[in-house]
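Both complexes shown next keep chain A, but they swap its partner, so chain B is in the first and chain C is in the second.
Let's turn to the complex of A and B:
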């Protein structure tokens, strides 16, 4: 699957949470939308993880765990923005395929 | 709608008895063990896996979600006991005990609470042991793995409470199952003497506490550890 498909999935999931939280920036999410630290707190990240893992499993047929030791780091979290998160997921999916 | 209950370690002992009890009550039970199932029932689903295998636990949870749409109760029952002096405990053995007891509980809790979180309800029961509060000599690794579960129970109760998920733990005394098959009789007698009520536990004793924890009326009970036999910390 392409980077594009994954970015689309991430944006859809961010929009879903945005609607839940009444957050316009997330409702109108793009590749550049900031997530953890700006629009999402740690609980928001937890919600995003569950929604994304499910979509990745249902739509892309791959089971991955979006768990990372840097998840809650302000500086290096892969959940900092949509672009970073999409790359991170792409990397996890490639690792999963290689294993 | 019938309850969907996940029980790890259902091939024998307490796990098997609990699965059969809840099946007779009309629940759907999803169990697992490293080997083939020993339970045949329309409402039972078996998964052959190692509880410390992350991918297998994720896949089990997703299959249950696809078939039943929800999980109401998780009993983190799978466990292995170990009795040895720390100086003669192989590293590999210590790792295996932690893998099954602690990491199995961690993985099942992490994956299943993702589903419970979206339901906004769920009940999780973990298993500790009286060997932990009694600091039993000869059980350093086993008791330490269960001490980890006790901390994990309390902290996960805090982290998951806002999603309507309650987490508690039961600490059985020795129950006459395979788990204590290899423990010398004298050791067991010494242990029973340290309990306020000095007898072996029974399946009914364990079941009673589990039913209390998962009862809807216990909605104000979370992060608690109940030891059987009057053992106190």
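Let's turn to the complex of A and C:
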């Protein structure tokens, strides 16, 4: 799975949440769309994370935990924007494959 | 002689009991009880602690009555797990372990017995019978509690004799099962004991023996709906369904009322510690109930129901009395809402409350909303740890249509979002074949 495909998956999920929350910025999400702190509150992140975990598990057959202590203690939050989140997911998937 | 055993002896040919081995009258019960008494009398004495290892059937009930009659302290054990049985025998410090084979043959083993628990000594000194029950505690070892059995049985005295047929759903190692048993015997009613506790078997027995009263848990009643047993068997004899041991949801009650239109629904309420309260439901369609019991006082403290009953336990054998206040109130752990005019509504267990970023979520509220979706056959809502919000809401859902999982989740979320605050909406939705429940048909929300 390429970086690009994961970004697409993240954008799709952000759009889904955006539709739920009537948020135009999220409905028209791009790589640069800001997430936590701007468009998403903590509940919003929880929903996004769950949808992403489900999609990753369904589409890729990989189970990852996106929101855990590690994610919370990153220097820059992986939930800052779409790009950072996609990178973080890519990293977790690669680790999962290596293990 | 114990008054109940006495009373049973006067009821003659009246039908008493049906189990997998046959049908028995009150005279049979009385006779079997005397037989056991004669058999063990040279060994078991008043005040001895005696475990009964058996299924729930004609013979074990006879033995129970025989032991009650000599004021023994009874430990009913229906578990089939060796380790659990051994644990319970050890904790109770049994003098004797009795086993019954399927023909009722009594096998008696004397145990090496160390020093007795103080509460047991007290019962013995007062020549009272006792009963040791184990709570199905969700964590760690089960708590052993001891009742004054004479006092408990006494509370069923003076019932009018009634020609009723009741199914006994829970076993006699559970306060609810014991309540149905004592109630039935005290009224001279007929007791139907299912061999297996599954929806099909129970429905078969209702049809065959024209059972009128069915006590059950909401989880079990829902299994009857899912199995469509009302469509397969004639359940028209049913007059009343009593439900308890876990909260009923509005959504499920509506479904039950549709299928069992003429049946009265009554909420029951009890705890192993305080016995079963006499309750009145506002109506068959209502989850509001009144505790109307001369033996019981209640009050609500921080949304939690506290009870004080004349039949409450003497104490625990292996735990502190921390659930009791110094002045004898039992903190049930059940959250209730006072809806006025003396009516209460049970909304959940305080241990099962989900804390989402400081906001409290009650599983039963979410389950009730989910039950509005016709495709949902069953549902269990629980909290799981979450790094962002502390806990988050998870729903296990039995979906009865062949839809795409993603679509199902979307529909469920949309439905919840329309009706619930966002922190209450399940973040994770697992589509499952069946939700997990305990062997007493209570939903398991805490792992």
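By our rule, the second predicted complex is superposed on the first by the 92 of 99 C-alpha atoms of A that agree within 3 Å, B and C clash if a C-alpha of one lies under 4 Å from a C-alpha of the other, contacts with A are read in each partner's own complex, and residues count from 1 in each chain.
In the analysis below, contacts are C-beta pairs under 8 Å (C-beta built on N, C-alpha and C of every residue); 3 or more make two chains touch, one makes a residue touch a chain.
The shown structure was predicted, so the numbers you read here are calculated from the model rather than taken from an experiment.
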item: Between chain B and chain C, more extensive residue contact with chain A; value: C
item: Touching partner for A:45 - first (chain B), second (chain C), both, neither; value: second
item: Chain B versus chain C as contact partner of A:69, first or second or both or neither; value: second
item: Touching partner for A:57 - first (chain B), second (chain C), both, neither; value: first
item: Residues of chain A that lie at the interface with chain B and also at the interface with chain C; value: 43, 46-47, 49-50, 53, 67
item: Residues on chain A engaged by chain B in the complex (per definition of touch); value: 43, 46-47, 49-50, 53, 57, 63, 65, 67
item: Partner chain C, residues of chain A touching it in the complex; value: 16, 20, 42-43, 45-47, 49-50, 53-55, 58, 67-69, 71-72
item: Complex contacts: residues of chain B adjacent to chain A; value: 54-55, 58-59, 62, 110, 114, 117-118, 162
item: Residues on chain C engaged by chain A in the complex (per definition of touch); value: 356-357, 386-389, 392, 405-406, 409-410, 413-414, 417, 422-423, 425, 427-428
